[in-house]
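Order of writing sets the labels: A, B, C and D. Residues in every chain begin at 1.
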Amino acid sequence: MTRKIATLLVGLMVATVSQALAADPIKIGAFFSLSGPAAAIGTPTKLVTMMAVEKINKEGGINGRPIELIQGDAESEPTKAVMVAKKFINVDKVAAIIGPDLTDLGMAVKKMVEDAHIPTVMTVGGDPVIMSGGPLGTCHWVFKSPQRSSTAVEKLYQYLQKNNLKKVALIISSTTFGKDGKTWLEKLAPKYGITITANESFGPKDLDMTAQLSKIAAGKPDAIVCWTTGPAGAIVSRNTKQLNIKIPLFQCHGLPDPKYIELAGAASEGNMMPATKLMAWDQLADTDPQKKVIKEFVHLYNDVYNYNTQFPINTHSGYAWDAIHIVADAIKKAGTDPAKLRDAIEQTKGYLGVSGLYNLTTEDHNGLGQDSMNMVRIENGKWKLIP
Amino acid sequence: MKHYLGLLVLAGVIIVFPLSVSNPYYLNVANIIGLNSIVVAGLNLLIGYAGQISLGHAAFYGLGAYFSGILTVTYQVNPIPAMLLAMLATGLIALLIGIPTLKLHGHYLVMATVGFNLIVNIIILQWDSVTGSPSGFPGIPNLKIGALVFDTDQKMYYLIWGLSFLIIILSLNLVRSRVGRGLRALHGSEPAASSLGVQTARYKVKVFVISTMFASLAGSLYAYYLTFISPKTFDIFFSIELVTMVIAGGIGNVWGALLGTVFFTTLPSVLDVFDEYKDIFYGLILVVILIFLPQGVLVGIKEYFFARKRSSDKDIQADDGGRVFSRGSSAAFCPPLGRISPDRTDDGVILSVRDVSINFGGIMALAQVSLDLFEGQVTALIGPNGAGKTTMINVVSGIHRPTEGSISFFGQEVKGKRSYYLAGLGLTRTFQNNQTFSNMTVLENVMVGLHAKTGKEFISSMFHLPGTGREEKAIEQRAWEVLRFFRLEDKGHWSASALSFGEQKRVEMARALAPNPRLILLDEPVAGLNMTETDEIAKLICDIRNQGISVLLVEHDMNLVMGISDRVVVLNYGRKIAEGRPQEIQKDEAVLAAYLGSVD
Amino acid sequence: MLRVEKLAASYGAIQALKGVSLEVNQGEIVCLIGANGAGKTTLLNCLSGVHAQRQGRLVYRGQDISGTNAQQRVKMGIVQVPENRQLFGPMTVEENLEMGAYLRGKTGRVGLAAEMEDIFRRFPILKDRRKQRAGTLSGGEQQMVAIGRGLMANPSLLLLDEPSLGLAPLVVKEIFRIIKGLREEGRTILLVEQNALGALTISDRAYVLETGRVSLSGPARDLMQDDQVRRAFLGQTVPEDEKPRPILGS
Amino acid sequence: MTTWDQFAQFVFSGLTTGSIYALIALGFCIIHNSTGLVNFTQVDFVSLGGLMMYTLFLGLGLPLPAAFVLGVLAVTAVGGLVERLTIRPARSREITVLIFITIGVSILMRGLFKIIWGKNQMALPSFSGDSPLIILGAAVLPQSLWIFVITLLVVGLLHYFFSRTRVGKAMRATSFNPRAAALMGVDVNSMILLSFALSGGLGAVAGILIVPITTLSYDVGVMLGLKGFAAAILGGYGNVVGAVVGGLVLGVLESIGAGMITSTYKDVIAFSILLLILFFKPGGLLGYGEKQKV
């Protein structure tokens, strides 16, 4: 509570300072799932957004103009997401939108922002939001800051290929995130000489996956790949240990999170997964140009804003930061005219973000390559980079 | 009249709103409200009028959306036929689900619909080859009628609210029709409704199907409006929200449901100002409304502003008991019979019960009882408590099926036939415990009585097809006639629940008499009435008989029984112990022993 | 012992009691007779505190008890054996009897052994049935359980509602014998009956209730002779001289 | 792993979750028997049990048994409060309205939990380690054994309470015939209060037991509660034995469905079977169901 008031006060102070600095703020709408099932993802994302905006404003804003952040709650629900986005566009008349945080919410608002010509940077995991053609419609105005699922899949498959793990069993959560991962896992397997021997699924709220895992174990694959977010991944890990399955377990890029180790406990030992550099940033070589950016981010997050007491830094933490900065940089270059702003975002080159080095193009509205990820392994309850 | 005014106001608001508020965001909110209002209108018919709760309507909403989406995108069907096909398919699924489900009661029904909702949700989520890309079903085109493309919030606004308005009219038409009265009657008292010819089981299924088709329509519109659908929208939490709108708005009230929809659709956005505390306020508001305004916000507001006088001013006149010998009720003896000659014997038998037995959990409630009722006579069935009188009435009126024996009505075997069927043949009844439909006016109560005599069903009623008005007028006219006969005409527009107990008894008789039955069963028509009221009922029964309608009377008031019956049948322990003229019965030793007990 | 003054109560829309006054003295059996719907059960429920009275006063052992609740009345010793037995069907005979002693705070066979034995001495048949579900007993046995359950509360004033209802004549006689026995033990009984003659035989005094009013009262023996009682049940005699309508078969 | 071992694995997994469903179903039953309601706050009693355990055990560092008992007692009190503050003052006795009051309270409670305990996932350690035991070829967690033992214990205690104690018998008597119970001097209102408190306690036990396996969040009870409701219906709503049987059957059904048929549609299988049972046996497996309470 006190922390909350403190943040509020800081916010107020910043607001007054920036007001004194210059009138006419730039409005940016940001909406995430603050309630509903995805609240645990949406809330920290919102906090990071606020942090990034305060930093920019404190440093003088964009070309002397402060950013005014308009917040909204997408309630983890597509209809509500559409309503909030409509409000941003028509009532608040924002220059750009950050969010939402879930793939299906992103898909629900995609057509609207495309029609309304509002540059939008989403923080969703799934790729369809930045794909075009057929039912997916156009993708001119929508960008996303987290890695594509395919990037994570390729990073993982490269590792499997290198270590000669060819027979892979999949256990996938029946959520949109899981299904998206599954699509790419199946599509990219041949490219890396991998065969998928089992295809199991589970609900995001299920308590027990031993049934699926014993079936998988019976097929004796070389590796088990689990694709999910949230606590279900930890249950898979625990069930694997319970059944004494020695086959290595790989999780997806949605799980690198201190919470995962907390929830899975000792069972997480040895689990591997693709992650952003944020997860083991202190182990990065000092020559890595990202290290400095991450260090600053972590300092603000942990020491200045103390967000880590409730939401310790995880692999997603930087996405909203990067989204804001990409937009801010583009406004700095091109102003708030929607078409110009969009073009500027699309031309973002070499932005060094928390989540990686962004190089956007007309074809790639994400801009992160495989070099933005690392494989990490849990050793002694710590995230370790796999060289 | 009230409804026309309401519709006029609604139409005005619908038209004026987009003119005064042109911002697409508010139109968008209004559109979501409109879509919900269509689902809620159907749900309100189901909950408020048929008395059935479904926590699975989000699934039907979803079926509409997905059927339309898949038909349009995958199979290139035009939106309008796709929408109609979706409604049809949803209705068909609802029919298949509804027939077994609506046999369930209470919580079982709730669970069955929850289960259905979960199943539909999982199938939509998992069957991705059909239901679209993993993260939902994108790329649904806007609705198009000829050259008119509904691609803006404003155009959709007029379409959605036009349809919502239409559906509200359809709901009001239905509610105020023969069918609607049947439904409300069935909600008020299922056995009573059935005894007046309402096919209760069939009606429940029909309303269920209609409500799901409304939901399907709204779902289709949703799909064409958002052009993207995903499973999360159609989960059981949305089902719960929809039912909340009905209940907190006002169960069984079309306007209340609309108000509930507006309120609970906008509430979450309004509560956004409370940030993290939003859910707490939402829950609190819901709880407070339901605790203090259990009949819903609309009725609650009305009662607040037009504080009604409570019946507490009815005073009780306590007089001394003491050794005052009461006069007893002075039931007038029936005047000579009218056009039907009472001399007829065998050929005058209209109902013949032969050797009927029935047992409940091992107890013989009726054992080999035979009984004849004659045309134009009042036959009384008497006996001490637990003798089986009410059981006999229930057997004759089709509520219980006898274990053995036969029953014929005008020569037709009717054993095991349902009450509504018997009502069609001209056999109606009243009930021991008042079963007036307290949710309806006196006039409407009597109009339900004419259900079996009339025939306009759901479609005619909803669309007010030609002939419906005429039938309705005829029903009303006849109902007024009957009310005049029962001297209730000045209270025709009163709520039945506002009447005194005695008047309610008369309403029940009027209701059963309205279709001009050939036989009427009266189960304790004067129980709980005072002497004046009893006299009145006695006269009425005589009048009924004088019109040629036969009466089977179960009653404890012996003055009445002995005064107006042509014949008395006495039951004791489920057996017939005597039968004859009143004078004979009063002297019958077996009867005396049964009633007064034995001295030794 | 108990004085009811101008008691009025309603039941939904029906005014069931319209100012009833009566008295029950220590050690008496007072019987309340009347046809169905006369308000007898409502009266007993008012006495037991499970039905709200609207007017009037209840004086028990010289104390106004109108404002007390059901529990307090049971504690004072006013115990009702309700109409139709109202047993806890799925519970055993023994458990039903224990429920009678609920307010006495004792529990189990041990704590209530003496009382239980007393009931079984009165109703030996129940001893064999003690482990049986009450709902499976015959009507007479159920009535015995109901009375036994009432006695477990150690009542000083026992309110019996239609104990003979639905029982075979022989069983009815047995029940009346038991009631008489209870009076001989010094218990006071208010008996509501439809079986008027049977009830009058064992009662000291009686009240006739007609449509919520006391229409007649007096010593039971006198009332037994009174034509008024007969009338209350079977109605006014149809005059023979007034030529009745032609009736079937006559 | 042989097929037999797999099967044993499915059954043990099913029994573990099934026991939890059974405990939750029991809570639903007890309130239904005293009031005729479906109490949706049962769901939050489960969550609250886990959350209290988190605070008492990890936050305040109480010893495990003490935290367990205190946690259960706290939720028991909350259960009583829910009845006292929302059900009793309600102006309507209409079942539908009362049920939606519990839905409103449920939303409210979840909102409070979210503020107090945050939105993030939490973990509680198992009662006695995570090294599985091999039983009949199946790997069973010690926590599962705790679940079996405590569920058995709770069912045993409940049985004792309802069949041996004065108050327990009075509660049963009230559910069978409230009018007669009132005539015996039983305070029916207190019995209803007690049934809410008892259900609170049962929900809390379920929550505390399962959370080390599932992880904890402010809404962990929602899905569990829904399955518990299904289990109660499956067994025959209001039937205490049915609740236990229903819970175990539903748990095993899910697990075997997932393992031997398809994990994708395991809930569809479980709920379809539930619907079929309802259609052909509308009172549930052991149900006298509705009839009993008329």
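Things worth noting here:
One rule holds for everything that comes next: a residue touches a chain if its C-beta (ideal position, glycine included) is under 8 Å from a C-beta of that chain, and two chains touch if they have at least 3 such contacts.
Remember, predicted model here, so these are calculated numbers, not experimental data.
Contact tally for C-D versus B-C: the pair with more C-beta pairs in contact is B-C.
Our note on geometry: subunit C versus subunit D, Cα centroid distance of 43 Å, whole angstroms. One finds 39 Å separating the Cα centroids of subunit B and subunit C. Annotation: 36 Å between the Cα-based centres of subunit B and subunit D. Counting partners per residue, subunit A has 35, 174, 201 as the residues that reach two or more other chains. For subunit D, residues that reach two or more other chains under the stated contact definition are 114, 264, 267. Residue positions 122, 126, 276, 278-279 of subunit B each touch two or more of the other chains. Inter-chain contacts occur between A-B, A-D, B-C, B-D, C-D. By the touch rule above, subunit D contacts subunit C in their complex via residues 163-166, 169-170, 172-173, 176-177, 179-187, 292.
Only residues 6, 8, 10-16, 18-22, 35-37, 54-56, 162, 164-166, 168-169, 172, 194-199, 201, 207, 210-211, 213-218, 224, 228, 230-231, 233-238, 240, 242, 244-250 of subunit C touch subunit B when the two sit together in their complex.
Put simply, subunit D touches subunit B in their complex at residues 32, 38, 86, 89-92, 94-97, 100-101, 103-112, 114-115, 226, 229-230, 233, 237, 264-265, 267-268, 271-272, 274-275, 278-279, 282, 284, 289-290. Of all residues in subunit B, those touching subunit A in their complex are 23-25, 28-29, 32, 73, 122, 125-126, 128, 132-140, 153, 222, 226-230, 232-233, 268-269, 272, 275-276, 278-279. In the complex of the two chains, the subunit C residues touching subunit D come out as 48, 50, 70-71, 74-75, 79-80, 82, 86-91, 95, 98-100, 102-103, 105-108, 149, 153.
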